[in-house]
Amino acid sequence: MESIPLEHGLILAAILFSVGLIGVLTRRNIVFVLMSLEIMLNASGLAFIVAASRWGHAEGQIMFLMILTLAAAEVAVGLGLIIQMFRRYKTVDINELSEMKG
Amino acid sequence: MITTLADLLPLLPLLIATATTIVAMTAIGIRRNYALTAGITIAGLLIASLVAASTMFTSNSQVTPLLIVDQYSLFFTVLTCVTAMLIAIFSFPYLANLDDSKEEYYLLLGIATIGAIVMVSSNHFVSTILGLETLSMSLYGMVAYPVHSKLADKFPLEASVKYLVLSAVASGILLFGMALIYAQTGTLEFSSIVNVTKETPGLGAGFSIVALIMVFIGIAFKLSLAPFHMWTPDVYEGSPLPATIYLATIGKSAMFVVLLRLIVTTEALSFDSIILAISLVAIVSILAGNLLALLQDSLKRILAYSSIAHMGYLLLALVASYYVQGTISVEAVTFYLFAYMVMSVGAFGVISIVSSSEKEFDDIDDYQGLFWRNPWLAAVFTGMLLSLAGIPLTVGFIGKFYLFFSGVEAGLWILLAVLIIGSGVGLYYYLRIVYRMLLSPKDGEGFNSGGSQHIGSHGVLAFLLALLLILGVYPTPLVSIIETISLNIL
Amino acid sequence: MIMLFYLAAAIAVIATIAVVLQTNIVHGLLYLILSLLAVAVIFYVLGAPFAAVLEAIVYAGAIMVLFLFVIMMLNLGQHTQNQERTWLTPRGWIVPSIMAAVLLGQLLNVISGIDYEIEPTQVGVMEISALLFGPYVLAVELASILLLAGLVAAYHLAKTK
Amino acid sequence: MILVWLISILFVGGIIAWLSERINPAYPRMIALITVVLDLLLMLSVLGSEPNAGGWIASVNAEWVPRFGISFYLAVDGLSVLLILLTGFLGVIAIGSAWDEIKERVGFFYFNLLWTLAGVLGVFTALDLFLFFFFWEVMLIPMYFIIAIWGHENKNYAAMKFFIFTQVTGMLMLVSILMLAYFHLVQIGNLSFNYHDLLRIEMGNQIEMWVMLGFFVAFTTKLPSVPFHSWLPDAHSQAPTAGSVILAGILLKTGAYGLIRFAVPLFPEASLSFAPIAMTLAAISILYCAKVAFAQTDIKRLIAYTSVSHMGFVTLGIYAWNEQALQGAVMTMLAHGLSAAALFMLAGGLQHRIHTREMPDMGGFWIKVPRMAVVALFFSVAALGMPGLGNFVGEFLALLGAFQANITITVISAFGLILASVYSLWVIQMIFHGEYTGKKIDDSHLTDLNGREMFYFGAMMVGLVWMGMYPQSFLNLSQPVLVELLNNTQSIFAAVVQN
Amino acid sequence: MLDLIWLLPSYPLLGFLALVLTGGRLPKKIVAIIGAGSVGLSFLTAAIIAAQFLAGSEDYFVKEVWAWMAVGGFTPGFSFYLDGLSLVMMLVITGVGFLIHLYATGYMADDPSFSRFFSYMNLFVAAMLMLVLGDNLVLLYLGWEGVGLCSYLLIGFWYTNPANGYAARKAFIVTRVGDTSMAIGLFLLFAQLGTLNIQDVLYAAEAEWEVGSGLAIAAALLLLGGAVGKSAQLPLQTWLPDAMAGPTPISALIHAATMVTAGVYLIARTHILFEIAPSVQLLVAWIGLITVLMAGFIALTQSDIKRILAFSTMSQIGYMFLALGVGAWSAAIFHLMTHAFFKALLFLASGTVILSVHHEQNIFKMGGLRKKLPVSFASFLIGSLALTAFPFTSGYFSKDEILLAALEMDGPGTILWVGGVLGAFLTGIYTFRLFFIVFFGENKGHVPENEVGGIHMNGPLFLLMILSLVGGFIAIPVDSVFSYGEVHEEHHVSTLIHGFMIAVPLIGIVISYLFFYAKIFSIEKLMSIPISQILHRFWFSGWGMDWLYDRLIVFPFLWLSKINKADLIDSFYAFIVKFARASNAMIVRTQTGYIRWYALSIAAGLVVLISIGVLL
């Protein structure tokens, strides 16, 4: 099996992370924001797997597992909130949630 | 590694907290009873804290790679459990009239406490993340808890969404940073990032620095350090008060313990640029927090902004830990966190006691003339505010003293100067509240904090005030405890 | 094998960018699933088949389906596309993109400095299970607590009163 | 042990006074009076004891926070005793001045009053620097309450300014104290905040200067001295009379006491090289504030600025650092304590009667309130440094000593004597001289001083005349202390001069 | 008996205390008895003490009553020092003082603040006695300030008129300028010589300082500053004319007989210092001379009866300074004494006039009062003659001695003499201008019904008349005080010069007669010349000194006070507050409430921190 440069794996993770960040920063649709967050978390998971493959460890994968868990929980709670939000505001525009400020 | 029963003994407080939650959940499943659920939670947390306190000076063990149960973590376990218990007591009257199912709140509170206990005992990335997310997850729920209530504003929902989204961003950054550290060191345990083992070549100092900074930012968000602080006032304002207290006290202290362990163990401060970054964050936090609070009218927001500044103060001691010999700066952090818990719970507690899920008395105007309408509450509130401002006779002063001392020993003159400026600005808005309470009362609606429901809450306030004053005048007992436990960190 | 890595990487990046740029939410979701699957392939290439499988099943499968459920429930179909277009003004992209570019630049700067080759070794279910039920047993328990918290919170929040 | 009693009596008395309001609103003032008089008697009993070898008349020392080497160490020598007595005396006077004036929330008022006094006593007796700082801050809070609750129209601003000024500079002092303790740790090997221990600390010149500045700024803010004085006019003009009395009579003295006791002895070398600057600041305070005082129309603001001006003589005397100058500073502290307190009481009395402090609205009051006029004249004249009264002794000695240290600055400061006469007489002119019209004020309550007031003013007059005619009875108490301080620094000065 | 010297100031002090403590509740008769009686008792005591002292052989006598303070080497006591000089002063003060008190019991009889008046007067006498009897400069300073205070109180006695208050403050503050100079002088003396006991200072100065040394000059100059302030000499003379705002007995006691001569006393007391500093001594002479002439010219133009007398006082004290300056110490003291007699007489008489014409002080609204006011007329005649040094009146002897001493001085003596004679000429003119306008010619305003007075007012006048006439024959026992360096040889000047000196004032009187009585020369014609108008205006305004000081000192000070009422330094702190508020306003705007904005701040923080971490 040929070797893959470690940096390429990490660079891929960094790119995905950055793209996810752009998504969070630009999208007004809260569902998209949530999806972008998933991208970021996934990128972190990817980074762990890459790092784990550097060491040949299983621990990195366990960490990925945990990330998976928390992503699931977060999505569950997040979607629950989105449902409530849609009920109240009849929109998924995240800018609506700006009543508290100053 | 085989986990034996003996290994579980040090985990007793954690187990009790978990058991409490499960018992409460089961009880809810059988029959919904608000008082019973609350009672179970409070009792469970009390037992957990008692057990933790009793084992505090005997336990010192690493339980699996994930958790370290030493005196330091047990101290914070006690602190966390007690605080959670006090918050549960405050929550009881607050939620009593909520027109929705109220019992799950205590489940969330219990689970959050489990997360916090895990965090304070964590010296491993996995447990850190799990503890942190458990805590956060419950807090999303607690923050948005009254979301169904017709009386409640839309604020809880907004607060919760804000917290969730931003917190997830921060988690992402934190995790990415951890991954980079893992790539560098090859272990998920907290370990020195400076002396990476010889056999496997390191990935360079720059790599370590970026990794550490990303982790720091993830943590800084939870500590609401500037410029990652902006969620704080909105989330505090929108949350029901007990959740705010939870967020402001346990949420902060548990995170700070992690940060402390992480920074000390990874020897992150041996990089100059990390020191610079942390110092910069500290300076910006102190100034921004205090300036933001300056003319604020909402008490929750004032306390939120001030918490930004307080976390900035704490960073000073953290930075100092690199320069000083001995444990003084760790002690400073510990004592200040303790003091901060006492006064924050107290200050928010006063607001909480007069508020309920139907109506929160959050505006500074509501407290005009409190000194004459309700001297007791006003006295407690004044004590807490003065303590936050660091005035003698209060525990906050001793905390400030610790901070100053570690700053002086480390020679952090710029940070000290900023600390002084920040405290000076801080005086203004704390005294502004005090002054309002001293004015003659306005006509109009007052709030009711009497009634049998509130007895517990008043008891808590009395306890906190006593703690505030006694430790402010004679801090020696606590000082010696902290002196002992701080040895565990280094 | 190595080609597979770069191919999957390219797909992942393109699909992810497509998610962010997409105005149709369902399309976006599908792109996201594509991206996740591509990442799963990378996992496999990097010698983490277990993670790859989980990525495909749990992430792309379960979680994304959850998204789809909600999208359907809120009826965010075709008609919101126009709204999306008005929301996504070109100006809104500038600052975040610059920011992300700088961040990426810094990360690349640091990461590309290293010169280290990965020799992917297969770390399979056995090793992971041994760890999970050995030293990391507490992590599993805690993860369950985490999920419990998510469960309670989501239950309480999402229910209709 | 007597020192602990001295302070705790006031603390306890304060609490009792507060609680007693529930029974009868007339009780608090009586309880307060009894407490302070009791305390005064205790203080007098201290006078009877013989000083020990170190010159300390009474002391108590107990461990407090061993982690930091902090102890609960109180001790008094002649200097402290003088200031303690001043505190007790003015405490009684302050209660007297509040007797009729404070009608609202009486219990809490006397509680704050007594606690302020307790804090001040603590400051004057503490010999552990942490304890000193502790009391230093403790006295601020009740004072803040006094201004903020019972103050006048702009009380919020004034109270806030007072608090922030003193608190922020106090933190600078805290940093300096900690520096000292840290140096003790480095040099001796353990932490200590004990005054005697810290006297032995050697620091580099550069550092010593900075550490000294921390103390200096804190003390000169309290004193106050230009440029940290601007809280004082606001605090004074807004405070109730008793607050002004305590503020001007005692609180300002804590700053001067700190300079004598701590700032100079702890940092002799830095103080020596800093003395010209300090004295220049003193001279500026004297002249500048005298000039600003003259421009004021609010009588309390005016008196406040004159206080700054007079306290300039104290700074001048302290940094001249010879026996005459120091004695002058001490005497000025005592005499100004009485005269400024009396003037504030008069101003307060006037405000109580006619509800204004604006002097242009007054005029010709001599005819209406001759006794008050005479009393005002007496204290104005005392303030302008009339020989035969206490202020003269203080200012003359301070200048006499300062002249030996720095001729130019002393000569410039001496012009303060001229400006003092300008504003003092202007006050008399504005209020008591001129034609009485009574047009701009409601004079229905403009009554002359009553017997109780005359008693207080009489006591203060006697005090000032005593100080002016036979100051020796006060000088004798402070003399050994000051000589000791001088001797301790002499050798260091000599070494510096040789280099 | 000498031991009881402390009783001297004690009587008036007790009187003061008694009057103050009773607060005006006593009947006027008792007040008068206490007020005048205490000073009378003092005089009696002084007389007995004087007799004893003169009978004894001691040159001086010291009595310490108690130690005032002892700080380091600084040990002034409450101790009294009696020698020839203080003896003369003490007798003049108590004697003339008593007469004036007596007069005042009548003059002030209708005043509602009778008691207050006498309390101040008594305090003044006590302070003045302290001044002259103090054996150290600090005690002297106590008296010095005390008399200044009483002067202030008495000038502003009628406080309802703000102008009086202004005059009083002006008097106090201007003299305080001098006092401050003197205080600095004391500091200098103590710093250099280690003592402030007058005799010790003099001995030490003589022993340690060389003649003409810088320190001596500085010390003498500083003391001179005090002296010119108190004695209304150039350049601190401006307060004296305004001080006439007080009741007339005050003008007689304080601003003619006693307090204003304190400067002369001070210089005479410390004469050795001035001898060590010859340049300063010469300066004293010049100051005296210039004041003599300036005040003389001013007096020519004034119309207020008391102001004329005030300027003449200034001018006469100028003579005393001249005497001090040329080293004629005893002549100065001699003139001090005779001046006390005749100037007190003139002031008291003017008081009677003023009271009789219902508080009119403008001489041009009087006239022809000779018949109506015989006692005043007589008093004025005698007083004026003494003032102009009419032969064999008291003023003649003293002024004669001064001018002769000046003439005999080396160097600038002749110029000083010429100036002094010119001054005498002016004295003749302005004194009799006043005399003729008031008592002769037609009445132009107020016609008095009858002369005010009784035995307690006229008695003192008669006594003073006698003293003014024969006072010149009193020999003052100051030789032993000034034994050092005093010019003691007999005067030997030619009769021609002597005659000229006698004649000059007489010529002045004649000119005055021609202008104001016989009206042979017309004052109107003289005034129609432009140059004389300008001169008149200039002199009338006191050589524009008030104008000058207003613009140089008073107005700038007021202006500075006004613009800085709000305290410039405070605006710095106000700026901080403003800055904090502005920062708050700015930073609060970052809390927009938008999640994406918040996320952006996190991203920005991330970018910035990482950049810092990587780049540094």
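For reference, chains read A, B, C, D and E in written order, and residue numbers begin at 1 within each chain.
Methods note: a residue touches a chain if its C-beta (ideal position, glycine included) is under 8 Å from a C-beta of that chain, and two chains touch if they have at least 3 such contacts.
Bear in mind that the values here come from a model prediction, so they are computed numbers and not experimental data.
Chemist: Which chains, if any, touch chain A and chain E both?
Modeler: Under the touch definition, chain A and chain E have B, C as mutual neighbours.
Chemist: If you average the Cα atoms per chain, which one ends up farthest from chain D?
Modeler: Most remote chain from chain D, centroid-wise, comes out as C.
Chemist: Looking at every pair of chains, which two share the most C-beta contact pairs?
Modeler: So the chains sharing the most C-beta contacts are A-C.
Chemist: Which one of the chains is farthest from chain E, going by Cα centres?
Modeler: Computed centres place C farthest from chain E.
Chemist: Could you tell me which chain's Cα centre is nearest to the average position of every protein Cα atom shown?
Modeler: Checking distances from each chain centre to the full centroid gives D.
Chemist: Between chain A and chain D, tell me the centre distance in angstrom, where each centre is the average of that chain's C-alpha atoms.
Modeler: Centre-to-centre distance between chain A and chain D: 64 Å.
Chemist: Please work out the Cα centroid separation of chain A and chain C, and write it as a whole number of Å.
Modeler: 6
Chemist: Taking the mean of the C-alpha atoms as each chain's centre, how many Å separate chain C from chain D?
Modeler: Result: the chain centres lie 70 Å from each other.
Chemist: Would you mind pulling out the distance in Å between where the CA atoms of chain B average out and where those of chain C do?
Modeler: Chain centres of chain B and chain C, defined by C-alpha means, are spaced 31 Å apart.
Chemist: Name the residues of chain B that each touch 2 or more other chains.
Modeler: Those would be 126, 130, 133, 137, 140-141, 144, 147, 160-162, 165, 169, 206, 210, 233-234, 428.
Chemist: Which chain D residues touch at least two other chains?
Modeler: Answer for chain D, listing residues that touch two or more other chains: there are none.
Chemist: Which residue numbers or ranges of chain C touch two or more of the other chains?
Modeler: Touching at least two other chains: 95-96, 99-100, 103, 106-107, 109-111, 114, 116, 136, 139, 143, 146, 149-150, 153-157.
Chemist: Let me make sure I understand the interfaces: which chain pairs count as touching?
Modeler: Those chain pairs satisfying the definition are A-B, A-C, A-E, B-C, B-D, B-E, C-E, D-E.
Chemist: List the residues on chain A that touch chain B in their complex, please.
Modeler: Contacts found on chain A: 6, 10, 13, 17, 20-21, 24, 30, 33-34, 37, 40-41, 43-45, 47-48, 50-52, 54-55, 57, 59-60, 62-63, 66-67, 70, 73-74, 77-78, 81, 84-85, 88-89, 94, 97-102.
Chemist: Quick one: which bits of chain A touch chain E in the complex? Just the residue numbers, please.
Modeler: 21, 24-26, 28, 33, 94-95, 97-102
Chemist: Chain D touches which residues of chain B in the complex?
Modeler: Of all residues in chain B, those touching chain D are 372, 386, 389, 391-393, 397, 401, 404-405, 407-409, 416, 419-421, 423-424, 427-428, 431-432, 434-435, 438, 474-476, 479-480, 483.
Chemist: Show which residues of chain A lie in contact with chain C when the two form their complex.
Modeler: By the definition above, chain A touches chain C via 1-12, 14-23, 25-29, 31-32, 34-36, 38-39, 42, 45-46, 49-50, 52-54, 56-62, 64-66, 68-77, 79-84, 86, 92-93.
Chemist: Applying the document's contact rule, which stretches of chain D touch chain B when the two form their complex?
Modeler: 64-68, 105, 130, 133-134, 137-138, 140-141, 144-145, 148-149, 156, 159-160, 163-164, 167-168, 171-172, 174-175, 178-179, 181-182
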